[in-house]
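Labels for the chains are A, B and C, by order of writing; each one numbers its residues from 1.
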Amino acid sequence: MSTFLGMPSLPVFGSGNLHAAESFPKAAHRELGNAQLRANLGHATHTIRDKRLQVVSELPDWEQLRDAGSAIKENVMARLPELLEQFEANFTARGGVIHWARDADEANAIVAGLIRDTGETEVVKVKSMATQEIGLNEYLEEQGIAAFETDLAELIVQLDHDKPSHILVPAIHKNRTQIRDIFLREMPDADPELTDSPAVLAMAARAHLRRKFLTAKVAVSGANFALADSGTLAVVESEGNGRMCLTLPETLITVMGVEKLLPGWRDLEVFMQLLPRSSTGERMNPYTSLWTGVTEGDGPRNVHLVLLDNGRSAALADEMGRSALHCIRCSACMNVCPVYERTGGHAYGSTYPGPIGAILSPLLTGIEAEENSSLPYASSLCGACYDACPVKINIPDILVHLRSKDVDSKRGTKKLPSQMDVGMKAASWALSSGKRLGLVEKGLPLGRLAAGPDKKISKLPGIAAGWTQSRDIPAPPPESFRSWWAREHGNPNDGVVPPQETATQGKEGQA
Amino acid sequence: MSAREDILGRIRSALSDAPAAPPVPREYRTTSELDEEALILLLVDRLVDYKAQVSVVPAAEVPARVAELLAEARSYVVPAGLDAGWLAAVDDGTSTGRAAGAGTERRRVDAAGAPLGVAELDGIDAVVTASAVAVAETGTIILDGSPNQGRRAISLVPDHHICIVAATDIAGILPEALRRIDGIRPLTMISGPSATSDIELERVEGVHGPRRLDVIISR
Amino acid sequence: MRIALFATCIVDAMYPRTAQATVSILERLGHEVVFPAGQACCGQMHVNSGYLKEAVPVVANHVAAFDSADYDVAVAPSGSCVASVKHQHPMVARSCGDTALEARATAVGAKTYELSELLVDVLGVTDAAAQLGSYFPHRVTYHPSCHGMRLLRLGDRQARLLRSVAGIDLAELPEADQCCGFGGTFSMKNADVSSAMLADKTANIRSTGAALCTGGDASCLMHIGGGLSREGSAATTLHLAEILASTLEAPASVTGDVRVTTGKASR
């Protein structure tokens, strides 16, 4: 157990592609207007939901695996400094080289420097959230280095000069026809007769990337897991592009967030059951590669790992929010989220969309960064994400926690309180006393006048206009329940026990 | 201050509330208690589901099955440590009716001292390897780079992988399998031919890795 | 049994018949219902909107109203309010450092039940027609609200009760487990997304051909009902307490002025 002796320092937040540039409601409004996007997302998320449910229900011990996964990650967070040092020692002893990066800029510079040292100007890439987060491709391009994405969905997004919208399936917002059109437009070697069958499109990607794989000298990857007790890294994938990148080049540079550690080999048996079933809804993904430093005669001779902070230590400092770092990037939460299903990933701005993004992005950047304060509100708190999460991250509770951080960060800073502030204060006054609520209710029959003969209210001003844009409000009843009860049962204090009994009850309650 | 010291310092500071490291409840299954017959049936079911081709044969019939599966391959590669007996029935001459390239042998052996180049591997149609362990429940075969499986590149680049699994190497569930292997070897876990779900989240088989996976279960 | 009714603010102010129906059901089963007069609201709107500080007096009021009353168990005709009482109240107390309030809130939460939970688990109701005289000859569909389903794990308790009502024609709601899009202030802060979720919910309800959609949460029903009304649909919403309280002699009407007679009044 590591002990910290100094004063806790202020958290240092992350940078890079972690921000919403416009508020979520605004971005969502635009995305909701795209009928094609809605249809594509609806189809894809429903397909994967059903598959996930089926493979999860096959396992009699799914809940026990979730419990183990959650506890292992909690353990990792509590022992992170010690495990990082242990990992570093093992990885280094087996011929790997570790680099530490405080933030996105530092990580980008390290990777570019390592590539430059090889003399190469082209690299192949395995899909990686960490390199998306730090904006590595854009940075390398500025440095005159071309990075080729090799995962099919990443390739689609890169060819279309678009941004990923999902952490597992970055091109989930595109349907097969749109993908065919992108290939025809952007792939010089594409067959003009290309159909929109997914199998045919996958073959086109194979042909397009084959030469790159066979000639690449440098590859850049992320990592799904890192085992502290051996220095082993793991990449979980489907297409074989990962194996190509991890096996054939001479130099392999992996970028990984510090939270990806697992204590040891035995923990992998838990996560390799949780991850594939939660992400693609398969019993097991087609390929998983594990490597421990450099192996003579097998795979890259130069093996580097960039350990990335970029706000993770800040997220860790938030006691209520730190479990967001347990995330294994499976994407189950976004696949079941009714909000994500309708807006898609771009509305969240950050590399991390969906429910996990709505908590992770503001935790990494701080709640006050750009428009990230709007992200924790992008949820009806329906709880579907928490149920689907393989490591039991209580996303709804963290969303609520971050909302209160947002409200508190704005207290006293504004010249005028918002309508919401005023409304919440007034409601707090009215709803913290039965008497006061009773008085307010006496005024409600006035609402019947507002409602008119059809007994509904169809237009309200201010923030309440959000409600009446698609919903009527029924006319209030002529009398509240409270008032009816007092009339029918006579005693307005019914239920309140005589003083001597109150005292006993009070004591019990406090025991 | 170095980035390393800085980051470790930030993390220690973030943990200044000294959160507890809870004990890990491992109440999930760690054994499956299936007999060999049940293990074979389950593994076959799962592999077929991934669109791998599977045959279950007595050990003595492995050579014939290998030869049959290689019938259409103009060339194939094997790791130096592969059981030579498995290739006994393969005709390495030209009698298959297919013309092997002039001066090239049909069988190529990848050895530690003389590895084949990537371009060479790309020109080879098939690969035959053994395997370290298999997981019935998930349809997974694990290669650990032992001499009868070879380095990772040889089972990746050729488009057709013929993999021999000994029935005694089939574990029921993943924890059983992982406990049988050494985690620091270069490992590849294979569950069916390469596949993608990247277009509309529908799985299609055959992308960059071998598009054809033949599994021979030997008992 | 002496049962304390937590009416919840929305039912108290907007849907008094839901609370009257709850009283009626419990009295029919031979229990005594009390109404702790100090009660107002569970405070989840404040908590869920990030106004934790403003939630403290609301929570404190609820705890004071319910830990001073003399009763065996408390019941509310709302899954989300019960979930708030059970899960959020101790957290709110903790957040303001009031350990005494936290302990009292935990004790109140432990005695508080959602209506179907109380009926099935505590009062042993398995057949509403036989035990309550429930009669409701209409085609009905049912929306299981998120908090009842995922926070309270009510499972099929509400559906089982509904199925046992005489005369009911219960139509399965497609995608029933999907949120209706209410989410408290979410419906205003993210009105566009909320409306899109609601539109799918109401379309699914209309597809069943049911005359009304029932459920265990008045707030979700107000949201869904508001959407149906705006769309000009003939379908409405009605809380399941009112369906359970409906009898052959005193039927709840499904359109217009729905009246339910309480057990006491009918005596």
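Note that in this section contacts are C-beta pairs under 8 Å (C-beta built on N, C-alpha and C of every residue); 3 or more make two chains touch, one makes a residue touch a chain.
Not measured: the values here are computed from a predicted model.
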Suppose chain centres are the mean of their C-alpha atoms. Which chain sits farthest from chain C? B
By Cα centroids, which chain is closest to the centre of the whole protein? A
List the centre-to-centre spacing of chain A and chain B in whole Å, with centres computed as mean CA coordinates. 32
So, in whole Å, the Cα centroid of chain B is separated from that of chain C by 55
Per the contact definition, I'd like the list of chain A residues that touch chain C in the complex. 24-25, 28-29, 32, 338-339, 342-343, 376-384, 386-387, 400, 402-408, 420, 424-425, 427-437, 440-441, 444, 456, 458, 463-464, 466-467, 469-474, 476-477, 479-482, 484-486, 488-489, 492-497, 501-502, 505-506, 508-511
For the complex, which residues does chain A have touching chain B? 1-4, 6-9, 11-12, 40, 43-45, 47-48, 51, 60-61, 64-65, 67-68, 71-72, 74-75, 77-81, 84-85, 94, 99-102, 106, 150-153, 156, 169, 171-172, 175-176, 179, 198-199, 201-203, 205-206, 209-210, 213-215, 227, 230-232, 238-241, 243-244, 246-248, 258, 265-270, 272-273, 276, 280, 282-292, 295, 297-299, 307, 309, 313-314, 316-317, 319, 322
Residue ranges of chain B in contact with chain A within the complex: 2-4, 6-30, 46, 50, 112, 115, 118-119, 122, 135, 137-140, 145, 151-153, 156-157, 174-175, 178-179, 183-210
Chain A touches which residues of chain C in the complex? 4, 7, 9, 11-17, 19-20, 34-41, 43, 45-55, 57-58, 60-61, 65, 67-71, 95, 100, 103-104, 107-108, 146-147, 150-151, 177-179, 181-199, 222-223, 225-227, 229-230, 262, 264-265
